[in-house]
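Below you will find the structure I want to go over with you.
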Amino acid sequence: MATTTTTSSSKAALVKLAIALLIVGSLFAVPRYVSSPYALHIMILIFLSTIMGESWNILGGYTGQYSVGHAAYFGVGAYTTVMLMQFRQVPPWIGVWAGIAAVLVVALIIGSICFRLRGPYFVLASIAVAEIMRLSATNLNSITKGAEGILATEIPVFKIGEHVVTDFLTKVPFYYIGLSLALITIAVTWGVQHSKLGYYFQAIREDQDAAHSLGINIPLYKNIGLAISATLTALAGSFYAIYVGFVDPTTVLSLDLSVQIVLVCIIGGIGTIYGPVVGAIALVPLSEALRSNVIAEGIFKTGFVDPASATGTFLKENLAHAHVLIYGILVVIVILFMPEGVLGFIRKLGSRMKKGKA
Amino acid sequence: MTIFLQSLISGILVGGVYALIGIGLTLIFGVMRIINFAHGDIMMIGMYLTYMLFSMAGIDPFVSVLISFPLMYLLGVFLQKVLINRVLDALPQNQILLTIGMGLIMSNTMMLAFTSDYKILSTTYSSSSISIGGISISQPLTISFLITAVITAGLYWFLVKTNTGQAVRATAQDREAAQLMGINVKRMSGIAFGLGAGLAGTAGALISPTYYIFPQVGSVFTLKAFVITVLGGMGSVVGAAIGGVIVGVSESMGAVYISSGWKDVVVYVIFLLVLLFKPSGLLGKSRM
Amino acid sequence: MAILEIQHVSKFFGGLAANSDVSFSMEEGMIMGLIGPNGAGKTTLFNCITGYYPPSKGDVFFKGRRMNGLQPDKVCKLGMVRTWQKVRPLGKLSVVDNVMVGALCRTNSLRVAREIAMEQIEVVHLSHKADFLAGGLPIGERKKLEVARVLATKPDLLLLDEVMGGLNPSESEEIIRLILDIKARGVSQMVIEHDMKTIMRISDRIVVLNSGEKLTEGSPDEVVQNQAVIDAYLGESHA
């Protein structure tokens, strides 16, 4: 965070900036050279996980408020956008604003209830509120179609004047939207970390009473953190809903989703700008590989297991369902052996190697 | 009036089993200050254990408690020694995430082993009931309530009258002081987690004749267990027993007077209200 | 003019009175010592003054303004800030970032806050540790950091709760000089300290608390000769 102005550090900053621009540039070029819809799909999922992770990170990682109920914001954003599009013919790029507005109202209510509580009580309250949202979406049949969910039949064509920008028929527009949103959330996180907000958030995380005595209005700043976090999560929810074209309570409002959002951060490294990116890059391909049976196929190719044997059939049938199991094992390993996440672990290794050399 | 009494009684009966789950969670929290998010999943394992004992060896679910309690106790001690023990001094959020991870491993391992199909354990008496003055009382629920009452009384006796039980309580009251007094707090933590798991497993056994058995059933009960312990005051055994009955009754009342879809919402709303207005629980500060 | 006026302040926890009917006032620019045996209610009084608990009875006036019911952050903004008996460093932030959090109370600019922070770190002689994580400092430096952090909020009145507790004599001496230095800049201070010699040396006036009540008040010389004070302290050390 130090802004020392020695020439060596400004050079390092320039190099960093150059690398970042290179990465972003090549990411924008990807759809020109990659036509496989599956590859684009994986990239879109990584962007989505990044957005979710970064948004949670602002409240959980920086402000230290471990919400395990972020599915509430994801789900309300997703539902609002899809319902407006499907039932009221409001195009999603307008509906998403309504989604954000709805989420802010929800966040304000949740904040006023949950922020009076600390530690484990806050965690429990955040879960309870998200569960109330899920049960409400399930039971309010007349509005949300209940457990059956809502299928978005057709996304309207996006035009500026008479010029057709995109008709959303391929994955390419979603790729660009996802990438842009991911970059925006990273930029927001960067902005937070390099401002008074970031200092105040971290002070609250480190010691709420000390922060209070140093002139920090605790409820105000917690709610600001929540509002930023919830807004970005709502964006992720709306994006997901339009991309997949379907919402139902168990996919967009479930406790599992809330846990997954936290996992992206924990695995990557909490309270850091790039932790969620690392987490998303680690988790998405892994769970997709498991889901699509790539791993089972790989095991068969090595020749150790005969696909026709009993073990082979078992692997083929079940490995696809095992991705959550792997999530669980990953969490346990990360918490026990690298509590600062992959990023923190690598940093520690790096500094140890430096010490070893010196 | 009949409907009211009917739902009151079935609420109390179900609440007894909930109390067991809650007592287990509260014991663990009391001794280790850890909120066990895998609690419902431990209970789920108890349900499958009961199901297997019934379908493979023909052991009656209520009798199988004698087998499942000690087995689940051992599982609890194992989990505590291998995993929980390592995070006793970690940040609370890391403890929470560790137990969430444990829960995911348990539920998904069971899914690999048993698929995610709903299993039903139907005994000859699963749906039989006794009728008193127009109020029908489910027979399996009544038996499980009685077993719950016996176990709770036994546990209370253990905690109050035995040396080990008193050491567990002392550890819960003040870990450092207990250590200074020569109590082996690590052993007490193992016992607490073992008892917690044993009670959760027993609850699973008792509920299996009247409930669907599937790998994801745990999360519902984990949340219920939290509600119960917070209602009774974290760490209070008596509070958890009362909390369990309150949750059981509010669910059955909610199902009758509002709708069955909303009954869980009723419970969560009560939960939030208690957290906000009486965070130390309905019984205040008292512990165990 | 009195910078702080405490009128009939009582604080009850359940039936227990941690403070009962405490009144005194403090002139601008002075160092007020607050002493008393363990459990006399010194820290509770700090908590009542700085907004951590509302007093059960009585009023606190700061610069003529009634403070009851104001939250600690508001109290800090008005120019009164406290340190903690058990230090509370923001462990995962660097020393300079810790102090910047205090400085941000008066500015929105990180650049300005960093300047203020570097100044205050200099004042407490921690400049060589500016980029170290606060959580890794030894106790003596944590105490200094605590002082630098509250100074960065530009207070008019500083409440120091045992800033010398657990320090070795040379570290204590450094803090004593720091307190006198702060006084020279016109910042009023109220100091809780156990060591009688120190408190006699730095205080302009001393208030003695015992079992939640004000036992006496006066100049250091008056207090040290007061029979009730001698009894209270002898009672403690002989018990």
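Think of it as A, B and C in the order they're written, each chain with its own count starting at 1.
What we mean here is this: a residue touches a chain if its C-beta (ideal position, glycine included) is under 8 Å from a C-beta of that chain, and two chains touch if they have at least 3 such contacts.
Here the structure is a predicted model, which is why all the values come from computation and not from measurement.
**Q** Please classify the inter-chain touch graph. Allowed labels: line, ring, star, complete, other.
**A** Its topology is that of a line.
**Q** Need the most distant chain from chain B, centre defined as the mean of C-alpha atoms.
**A** Comparing chain centres, C lies farthest from chain B.
**Q** Identify the chain whose mean C-alpha position lies nearest to the mean of all protein C-alpha atoms shown.
**A** A
**Q** With chain centres taken as the means of their Cα atoms, state the distance from chain B to chain C in Å.
**A** 48
**Q** Taking the mean of the C-alpha atoms as each chain's centre, how many Å separate chain A from chain C?
**A** Comparing mean C-alpha positions, chain C is 44 Å from chain A.
**Q** What's the distance between the Cα centroids of chain A and chain B, rounded to whole Å?
**A** Centre-to-centre distance between chain A and chain B: 33 Å.
**Q** Contact residues on chain C for chain A in the complex?
**A** Touching chain A from chain C are residues 50, 52, 71-74, 76-77, 81-82, 84, 88-94, 96-97, 100-102, 104-105, 108, 110-111, 113-114, 131, 149-150, 153.
**Q** Mind listing the chain A positions that touch chain B in their complex?
**A** Against chain B, chain A makes touches at 66, 68, 113, 116-117, 119-121, 123-125, 127-129, 131-132, 135-136, 138-139, 255, 259, 262, 266, 318, 321-322, 324-325, 327-332, 335-336, 339.
**Q** In their shared complex, at which residues does chain A touch chain C?
**A** 1-3, 194-196, 199-200, 202-203, 205-207, 209-218, 271
**Q** Would you pull the chain B residues touching chain A in the complex into a rising list?
**A** The touching residues are 35, 83, 86-87, 90-94, 96-98, 100-109, 111-112, 116, 219, 223, 226-227, 230, 259, 261-262, 264-265, 268-269, 271-272, 275-276, 279.
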